[in-house]
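Note that chain A is present in both complexes that follow, paired respectively with chain B and with chain C.
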Partner chain A sequence: MSSAALLILVLTLPVAGILLVVVGGGRQARGISLAVLVGNFAVAVGIGGAVCRTGRAVTYSSGGWTAPLGIQLRADGLSVVMLITAAVVALAVGVYAPNEFAVRRGGVETRRSLAFWSLLLAVSCAMNAIFLGNDFFNLYVALELLTFAAVPLVCLTGTRATLEAALRYLLFALTGSALYLLGVALLYGNYGTLDITKLSGLVRYEPGMPLWVAVALMTSGLAAKTALFPLHLWLPPAHGGAPPSASALLSALVVKGSFFLTVRLWFDTVPGQAGMRTGQLLGAMGAGAIVVGGVLALKQERLKLLIAYSTVAQIGYLFLMFPLAGHVGALSGGMLQAAAHAFAKASMFLGAGLMAEVAGSDRLDGLRGMGRALPLTTCAFVLAALSLVGVPPTGGFMAKWQLLSAAFSAGQWWWVVVILCGGLLAGGYMFRAVRPTLVEGIQPAAAIPRLREWVVLALAVCALLLGGFSKKVLELLDIGRPQITEMRP
Partner chain B sequence: MTMKPFSMIALGWPMFLLCGLLIRPLRKWLPRLLWLAPLPAFILVFFEDVGAPVTLLLGAAAALWSIGGWAVPSYFPGGRPGVGFIACWLLTLTGSLGVFLVEDRVGFLVFYALVSLPAYGLVVSEGTPPARRAGRIYLGFAILGENLLLAAFVILSRGVMPLPPIATALLIAGFGAKIALLPLHFWMPLSYTAAPIPAAAVLSGAAVKAGIIGLLRFLPMETTPVMWGGLLVTVGFCGAFYGVAVGLTQCHPKTILAYSSVSQMGFLAVIIGMGVATHDGSVATLAAFYGAHHVLAKGVLFLAVGACAARPSLTVAPAALIGLGLAGLPLTGGALAKLAVKAPFGYGPAATLASLSAAGTALLMTHFLFRLADARKNPAVSSGGGLAPWLLGAVACIAFPWVALSMTGLSWSDVVAPVALWKTLWPVLLGGTAGVFLRRIRIPKIPAGDILALATPAVRTAQGAARALGHLDTTLRHWPVACGALLVIVLALLFAAWL
Partner chain C sequence: MSEIFGFTAACLVGLGLYGLIVHSSALRKILSFNVLGSGIFLLLGVIARRGAAAGLVADPVPQALVITGIVVAFSATALGVALIRRLDEDDEEEGEP
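This part shows the complex of A and B:
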């Protein structure tokens, strides 16, 4: 199969899966979804292989029509890394989830089960579309698909608190979409195209007021959807209240979707065009996220809320790449952080789910003795925490290394201070999360299938391996990048 | 990570033993096999050329880990520490030996993290509230050091020459947190007092030398600017005397030894600083020789604390030989170490200060010996375990410097010359006499961790700040505020980009 066809396949496969789930009903949903997710992973790896082999971005123009008439899909190094990350996390969530959302043999089919599996596939599809899209309107459609798949995931249990959290999320995310769409309309009105490659050529010759209004609108809309501080009002209740497998998807993947679009906008569309100050502003919000998220995570009494606030803090690191844009290590550090955080955070949320199942609640002081009750999960928990803190040789460490290196070469030492403080805070809150699990204590006996524990561990090991193979990942990230991203803004 | 093939075996072997924890029948045997874990690294020293400083430090560290590992079962009921303790022991051991063997920077950071973080499990293994507090403070310092070094190493790997001053400062602060340079020292007395005796022995002897090898490797004496040497000398001497002064106010033998470590590590920093100040690379070997003696001496003195309840006669006298040896008692290994590092000090005020700090060590060690003799009646301090490992360690500690003497360029005839004997004897006499007199004086008590007591206002401020940030978060998560913030961000981005 040609590599361009793989790009189509990775979009159509989850859609076909959703349709089959609807036809097959709740009973078959799990089998169909797992098969689709395995296929999705295989195709993502296939695309990765093709990009690695050729050393160039793979593109596909639908119907043979090139941009601006047709729709173009494009997979470069960034897309491939995120595609594979998303595929691994989605597959892991799929393998982990059955017990939570399975229909017992002879039991009654539930709305929840059908909803969960189709939403899981929808998230997967939307993420793929975001990673491959090369046109801002298509990306808008993908972004909306992502939001509408993510919001119901928050309120799967249907309790009052989760409904409220979901509504909060929905309203704020829609405000963000509106801003983004406004920006897109401005771009189209001004340049007559929304194709990223074409736009990046045009804006170099005629930048101006409309461009910056559009960029400001789009960036703020995307920041609202990413829950960048101080726009994080919806994240803690949504991520802290959702069922664990949904939290893992939301924290690990969904926030990365809008972040990825921001990267496309800043690094691919207007690289080196915006002044120093815009980058500093985004970086400052990231720094605020790191500090406030970190301190708030330190104060939480519930494990899932602690992890949710740690997401707020970790998102901050992602936005440090904007002030450092143009320096070696900024882009790669941010993307490594996105991938490492995805693995580690998914592992933590899934692990927290298992612990809450055993202990009956996710209060931190109720987690004593987890090391004996769930040894594999606890081990995974420690590994994931190490990656989030940035201890060598994990993926989180390599990401920090890259970002620090960029900060030093830019001579912007203040980000170094922020990153180091963030490391200390992360050490503190992760210690609070991990320590009770390692203390002796008694937990009620609960039959947790070993497979679910292994999934949690596998995700944490992925975060660890990302550090070990960071050289390969960094090489991959460079493929298909326009040279301009590594120039001074 | 790059290292020689045999180094990989030496470091893979303890990891292999660690995997043994997964197999239930093996789990019960593992505590009795801990002494085997560092053996490949110990053998490696004899036939692989890893450079004189590494040979000395690694050899001593591997020997101590082995002796300490032998002592572990006798300190736990039924000879079986928990699985967590064994895992942390093996991980820390791997890190402790790995920092000497690994050749690249990222690898060094990996093993440095390994020698720092899992040691938390050793510190808190008794589970008492003071142990937990000590563990928290220890871990905070470990993460702080790790972060400072991360920043320093990122600058190092950018390859800018000459090294920017900030990188040198970060290196000194990062490694200083590990070797308890003043004022980053207060975690040390807390953790060594809290840790079980064999753990305290290996942490104080072997693990702490990760900071020393770091300073030796990444602060090359030939090229580092002289002023940093001056700084190390100053801070080191402050630590050397401060450790003695506060150590004298302590009662618990383990705490006294910990303050002695603060003092000794300060003195080692002085030696390294002298090397930097004179741009003399050969001082590295001398510093490593001194450090290697300290590995064994401090490690086995901790074991003496444990063993003294069993046979006081076989404990206190050898401990006196080793303890006063640290101060330079003639013909002991410590005297050789003192003589070896005489050269870099020359004849100036630094030499006088060095002799005075030796007198301080003698004073502190006399205090320790009295406390050790008292401890034999106190089962809370001394359980009476690990007599055989202690005796082996004592022999190793006395013999080792004589065996390795040739590496320092001294000969036997140099060290038995009457002048040399007197040079090392008078500080011991001075300090020892003072120590005997001090026994009659009531000394005010300072809580272990000294300046930590002053940190309460800082903690309160931090809590206040955290509360304020909590309110900020609550405010920001109100709808009107968040929507307002969104609007402000749009405008701010627009102005920033357009103007």
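This part shows the complex of A and C:
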């Protein structure tokens, strides 16, 4: 099969899966979804192999129509790394989730189970579309697909608190998408195309006020969807209240979708064009997220809320790449952080779910003795925490190291201070979460299937291995990139 | 003519954004989102008119974008209203124990 056909397959496979789930009903949902997620992972690896082998981006013009008339799909190094990350996390969530959303043999089929599996596949499909899109309107549709899959995931349990969290999330997301669409309209009105490759050529020769208004609108819309400080207010109740499998998807993947689009906009469409001040502003918001998210995480009494606030803080690191754009390590550090955070955070939310199942609640003071009750999960939790704090040799460390070296070579020492303070804060709140699990205590006996514990551990090990294989990942990230990205803005 | 429509579109976007930020009720926020959306669709209509090739009434691409945008806005409104109704039902159940 040609590698371009794989790009189609990775989009159509999850959609076919959703249709089959709807036809097959809740009882077959789990089997169908797992088969599709395994296929999705295999295709993502296939695309990665094709990109590595040829050393070039794989492209496909839908229907044989080239841009500007047709819509192009394009997989470069950034897409491949994120595609594989998303496929691994989605598969892990699928393997972990059955107990939570299975229909018992002979039991009544619930709407919850059908909804969960179709939404899981919808999130995979939307993420794949975002990573492959090369056209801003096509990307808008993918972004909305992601929102419509993510909002119901928040309120799967249907309690009042989760419904309120979902509504608040929806309102933030809608405002964001409206601003993004307005920016897209201005771009089209000014340049007559929405193809990223074509736009990047055009804006170099005729930048101007309409371009910057459009970029500002799109960036603020995407920031609201990514929950960048100070637009993070919707995230903690939504991610902290959802069922653990849903939280893992939302925190590890969904916020990365809109972040990835921001990267496409700044690094691929207007590279090296934005002034110093714009980048500094985005970086300052990221720094605010790191500090405020870290301090609020320190104050939480519930494990899942603590992890949710840690997501607010970790998202901050992603936005440090914008002020450092053009220096070696900025883009790669940000993308490594996106992948390492996805693995570590998915592992943490799933692990927190198992701990809450055993202890009956996720209050921090009720986690005593967890190290003895769930040794594998506790071990995974500690590994994931080390990656989030940024201890060598984890993926989180490599990401922060890349960002640090970019900050040094740019001579912008203030980001170094922010990254180090963020590491201290993360050390503090992660210690608060880990400490009770390692203290003696008695936990009620609960039969947790070993497979679910192994999934949690496997994700944490992925975050660890990302550090070890970071050289390979960095080489992969460079494939198919325009040369201009690593130049001084 | 397109200047008037463009100006109207800008007003609608401004009104919608103002409503989204100022109102605290979720239903009003969703209505504001629709006003904002209408402004964007009207703007796309103006862009289509301005970008028309010789002999054509309008550039078809922005019109295609409007159709997709309307579908998305409609679904978003439906989802939002469904959530609000669900919350209201909860309120009623709590009100009459």
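Odds and ends about this structure:
In this text, the second predicted complex is superposed on the first by the 489 of 489 C-alpha atoms of A that agree within 3 Å, B and C clash if a C-alpha of one lies under 4 Å from a C-alpha of the other, contacts with A are read in each partner's own complex, and residues count from 1 in each chain.
Here is the rule we go by: a contact is a pair of C-beta atoms (placed from the backbone, for glycine too) under 8 Å apart; a residue touches a chain by one contact, two chains touch by 3 or more.
If you're wondering where the values come from, they're calculated on a predicted model, not measured in any experiment.
Judged by the touch definition given at the top, the superposed model places A:L404 against chain B, while chain C stays out of reach. Residue contacts after overlaying the shared chain place A:G189 against chain C, while chain B stays out of touching range. Look at A:V389: by the touch rule set out above, it reaches chain B but stays clear of chain C. When the two complexes are overlaid on their common chain A, residue A:G423 makes contact with chain B while staying clear of chain C.
Residue contacts after overlaying the shared chain place A:P449 against neither chain B nor chain C.
One of chain B and chain C touches more residues of chain A, and that partner is B.
When the two structures are aligned on the shared chain, A:G55 is found in touch with neither chain B nor chain C.
Once the two complexes are overlaid on the shared chain, A:T175 sits against chain B and chain C alike. Once chain A of one complex is fitted onto chain A of the other, the partner contacts of A:L167 are limited to chain C, with no touch recorded for chain B. Taken together, the two complexes place residues 175 of chain A in contact with chain B and also with chain C.
Contact residues of chain A toward chain B in the complex are 172, 175-176, 179, 209, 212-213, 215-217, 219-220, 223-224, 229-233, 236, 274-275, 277-278, 280-282, 285, 291-292, 295-296, 298-299, 371, 389-393, 397, 400-401, 404-405, 408-409, 413, 416, 420, 423-424, 427-428, 431, 438-440. On the chain A side of its complex with chain C, the touching residues are 137, 140-141, 144, 147-148, 151-152, 155, 158, 160, 163-164, 166-167, 170-171, 174-175, 177-178, 181-182, 184-185, 188-189, 192.
Of all residues in chain C, those touching chain A in their complex are 13, 16, 20, 26, 29-30, 33, 36-37, 40, 43-44, 46-47, 50-51, 61-62, 65, 68-69, 72, 75-76, 79-80, 83-84, 86-87, 90. Interface of chain B with chain A (complex): residues 1, 84, 106, 109-110, 113, 117, 121, 127, 136, 139-140, 143-144, 146-148, 150-151, 154-155, 157-158, 166, 465-466, 469-470, 472-473, 476-479, 482-483, 485-486, 489-494, 496-499.
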